[in-house]
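Here chain A shows up in two complexes: once beside chain B, once beside chain C.
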Partner chain A sequence: MYRSQRLALKYLAAAIGFFGVMTLAGLMSAYYYINPDFLFGILHFNIAKTLHIDTLVIWLLMGFMGAIYWFLPEELGIETVGIRAAEIMFYLFCLVVLAVAAIFVVVQYGGSDNAGMWLVNQGRKYVEAPRWAAACIVLVMLVFSYNLIGTAIRARKITGIMGVLIVDLVPLVVLYLDAFPAFRNMSVDLFWWWWLVHLWVEATWEVLIGCIMALALMSLLGTSRRIVETWLYIEVALVLGTGILGLGHHYFWIGTPQYWLAIGGFFSAFEPLPLLGMVVHAIYDAGTHHMKTSNRPAFYWMLAEAFGNFIGGGVWGFMITLPQVNLYAHGTQWTASHGHFAFWGAYACGVISVAYLVLQRIRGAASVDGTAWRWAFAALNFGLIGMVGTLLVSGFAQAFIERAVGGSTLEAFINAQESAWFVDGMYARFACGLIFAAGYVALVYDLLTIGRRVPARAAQPALP
Partner chain B sequence: MQIDSPQFWRAGAISVIAVMTVVLIMLTIDSLAAIRSGGTHVPPYTVINQKIGYKYDSARAIDVPTVAGDEPLFGRAETSEQVAALIGKGKLVIQSRSCMNCHTFFGNGAYYAPDLTKSWLDPGWDAWQAITAAGSKEEAMVRFLMDPVKFRTWTRTMPQLNLTREEAVAVVAYLKWMSAVDTNGFPANFGLISTSR
Partner chain C sequence: MTGLALLETGLLLGVFVLLAGCYGVLYGVGRLVGRRAATAGAFACYALQCAVASAVVARAPLADFWKAFIAASTLAYLAIPPITWRFLEKTH
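And now, the complex of A and B:
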């Protein structure tokens, strides 16, 4: 095993750990809706919510990095260049995340000055981490970029997937630089903030997970490089062809010119296309191999990734992407419903799939299967779809009562939040969150033990 | 180059990305001019010295902000330098107290507390003026922000964020400025429909 792959294991383990923190903080955030006095005066909703969404970004990013550190030496045939620096960066990354989490929980708020932004909390959604921490994350990303580019240069080899990956590193690092400024003008602030959030999540990350899934498909199903790379280029063309100007669907209401309504609505309406392509490809692969594989959990999570990405990101996103609907749906639980489904489908399922692939290899199991992963798969997906559905019901109520009927005043907000549809939706969401959390526990148990215990049933024959 | 070759699709991907990136850069240059303070869509910070409204514009078929006549915050007009400093302070207060992780601004943020895009214009402040025994809307907002637990609105209480008076005034100034931003009609029908429970 390469040293890079040992590092990959650490990244994947840390990712699954922070997945747990995200789940706990998410449960807390959901609970505030049904018991607003929970931890009042000690730890408020905004801190729990910050932990929830920041650890979401962190665990996925760590999962991506783990996947790439795993596949990189196999793809290029040599050890990752600068692996010692990468190992140091892993510990720095973990320390920074833990320190920031501790600051958010204990200190919570800084002063309304530059010192507060540098040391405590920047208060911008997804990029709340103080600037010192953001600087450390930039350093981690730069070393990560050096690892990839340096290894490709030393190997004197550049595959199609590696080429896409290396080009993707540029926006991945450059866009994160928006984690530093504090623009006085909220319109300007949000304009650049969406470059970071949208062009990361709906463009750069999509390409990144596309590369990871391409490598995983070759590893799991032995799909030919020619097919995988062709699909990757098609996906990149469609994702960026629709996603770059699809950015406009975030520019409807932030003070930007009215032409964004047409541009954003038009291009974002086509954003589901590449995701549909993934579904087609997944069905094709599943059919070709008659659903047989030596690693059922990895394969099923990969299928969940394709379907979840299309339905959660594509279909759920399309529901609210046209300005005529977005005027009422924007900033309601309807958006939260889409956000949960899209992140889960687009990224989380892919990272879990890679974790299973890696575990089969390091434990030397010819085949991995069993019962626990099925429980985890069922509970996590059922819980997540339940949360998505209940948030959607609450979101419909909010869009109708607060936005369409109430005219969006403070009182209209309260009216919507107190409606039976909204309240019942929040209770049901919390219940689904508990199912999801149980699924997480089953997942951790399975990841710790799969390939080590005696299979509960006869293993499927390994693919040739 | 054959249509089923990876090279064909690589060339396609590069072309598409190049075209879309150039278009995005051009639109960004135009948009940044429109959204600078004093641009076509975003008012100068000195707008807080004036009376701000929000009404339906039949030509654009959306609600748009209106600015007419003097109505300085706390009754005293500020210079453009003072106003810029005040707005800058307000933004830092909003960030430092992580307001965006409960509220939304232009609909962006968390969804636990009300959207603040047009909160300066909210009809509810009239009642809060009486509740806080304040002589003006802006004073009522300041008193609420400095002690939201005392003036709790409903079951979901805003926590005590230990704002100084200077910080609370800056936030109110920020909300007033923000209410004059042309948001292409978001939120629709704000304050125009009765919401009496």
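And now, the complex of A and C:
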């Protein structure tokens, strides 16, 4: 096994660990809605929510990096260049995340001055990490970029997937620099902040997961390179074509000019179209392989990715993307429902799929299957669907009572929060969150044991 | 927009895309197994999608531009599964 692949294992293990932290913080955040006095004076809702959404970003990013460190030496046929630096960066990354989590839990608040932003909390959603930590993450991403580009140069080889991946590194690193400035004008601040949040999630990460899924498809189903690369180019073009200017749907109500209503609505309304193409592609792949593969969990999680992306991003997103509806729905649990479903479908399922692929290889199992992964698959997906369904009901109540009927007054806000539809939705969401957490436990158990219970492969290809 | 119109419009838009997904899935299944029932189901879903689009155009309090957009995208949704399938067969 290459050193790069050993590093990939560490990244994937850390990703699954932080997935657990995200789930726990999510459960806590859900519980605050039904018991607002929970941990009063010790740990408030905003800290639990910050941990929930920040670890979401971290575990997915670590999962992507793990997947790429796994596939990179196989793709280019040599050990990853700068692997020692990459290993150091892994430990730095983990230390930084743990230190930031500790600061959030213990210190919680900084002042609204430079010292507060450098040392404690930057205060902007998803990029709350203090600047010292953000600088460390930039360093990790720069070393990651060096690993990819350096390996391609030393191997004197550039495949289509590698080409797309290397080009994608530029926005991946450059857009993160948006985590640093703090403008006094809130509209200007939000304008650039969305470049980071939206263009990472709906452009850069989409390309990254597209490359990872292309590599995984070749590994899992033996799909030819010509096919996956052709589809990668088409899907990346379509996703970027709709996703980049789809950024505008975040500019509707932050004080930007009115033309963003048309631009944002128009391009983001196109976003379900390429996702439908991906669903048809998934049906084709599943059918031509008769749902048979040596790694059923990886295959099913890959299918879940295609369907989850379409339903979470496409269906749930289209409900709220046109400006007239978004006026009432933005910032309610309706939006949270879309966010949960889209992240799960677009990214989380893909990372779990790659984890199963990697485990099959390192454990030398001819095939991996069993019952534990089915329980994990069912509980995680039903728990998630339950959460997004109940959040949707609560969001409907907010949009209806608070926004459309009450006109967004404080009294209307309180009425919506006290409405039975909202309150019951929050209880049901917590119950579904427990099912999701049970699914996480089953997933961890399965990842620890799968492949150990079946006969090893007759012969393994020799790897350095 | 009234509260009820808001919920109706949001749900109609979601169902509009969901039916496009059902059309795509059933179209793919129909082509894979060669069953007419699946293909008929696909086009039934598409017909329902057209009905939902008509409801949006007729009832939803959206601006005319968005109504025209919904109507035009209904045609795009019709074309995507067959074009994708043909391309998949060609590349495989």
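Going forward, the second predicted complex is superposed on the first by the 453 of 464 C-alpha atoms of A that agree within 3 Å, B and C clash if a C-alpha of one lies under 4 Å from a C-alpha of the other, contacts with A are read in each partner's own complex, and residues count from 1 in each chain.
Here, a residue touches a chain if its C-beta (ideal position, glycine included) is under 8 Å from a C-beta of that chain, and two chains touch if they have at least 3 such contacts.
Bear in mind the structure is a predicted one, so any value in this text is a computation, not a measurement.
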- Message: Using the superposition on chain A, tell me whether chain B and chain C clash or fit.
- Response: fit
- Task: May I ask you to decide whether A:Thr230 touches chain B, chain C, both, or neither, giving the answer as first, second, both or neither?
- Result: both
- Query: Just chain B (first), just chain C (second), both, or neither: which does A:Val405 touch?
  - Reply: both
- Which of chain B and chain C A:Ser294 touches, first, second, both or neither: neither
- Looking at the overlay, does A:Ser4 come into contact with chain B only (first), chain C only (second), both, or neither? neither
- Item | Contacts of A:Thr332 with chain B and chain C, given as first, second, both or neither | first
- Query: What angle, in steps of 10 degrees, lies at chain A between chain B and chain C when each chain is taken as its C-alpha centre?
  - Reply: 90
- chain B versus chain C as contact partner of A:Ile254, first or second or both or neither: first
- Task: On the superposed three-chain arrangement, identify whether chain B or chain C touches more chain A residues.
- Result: B
- Who does A:Phe396 touch here: chain B (first), chain C (second), both, or neither? second
- Classify the contacts of A:Arg184 with the two partner chains as first (chain B alone), second (chain C alone), both, or neither. first
- Task: Would you sort A:Phe413 into first (chain B), second (chain C), both or neither based on which partner it touches?
- Result: first
- Across the superposed arrangement, the tightest C-alpha approach of chain B to chain C, in Å, is 6
- Task: Would you tell me the residues on chain A in contact with chain B in one complex that are also in contact with chain C in the other?
- Result: 226, 230, 327-328, 403-405
- The chain C residues in contact with chain A across the complex are 1-4, 6-7, 9-11, 13-14, 16-18, 20-21, 24-25, 27-29, 32-33, 61-63, 65-66, 69, 73, 76-77, 80-81, 84-85, 88, 91-92
- Item | Complex interface listing, chain B residues touching chain A | 4-6, 9-10, 12-13, 16-17, 20-21, 23-24, 27-28, 30-32, 34-37, 40-42, 60, 84, 87-89, 91-102, 104-115, 117-119, 122-124, 153-157, 159-162, 167, 170, 174, 178, 181-193, 195-197
- Message: Give the list of chain A residues in touch with chain B in this complex.
- Response: 32-33, 36-37, 40-41, 44-47, 49-50, 108-114, 116-117, 120-125, 128, 160, 182-191, 193, 226, 229-230, 233-234, 236-237, 240-241, 244-245, 247-248, 250-261, 263, 327-328, 330-333, 335-336, 398, 403-415, 417-418
- In the complex of these two chains, what residues of chain A are touching chain C? 226-227, 230-231, 262, 265-266, 269-270, 272-273, 276-277, 279-281, 283-284, 287-288, 310-311, 314-316, 318-320, 322, 324-325, 327-329, 334, 396, 399-401, 403-405
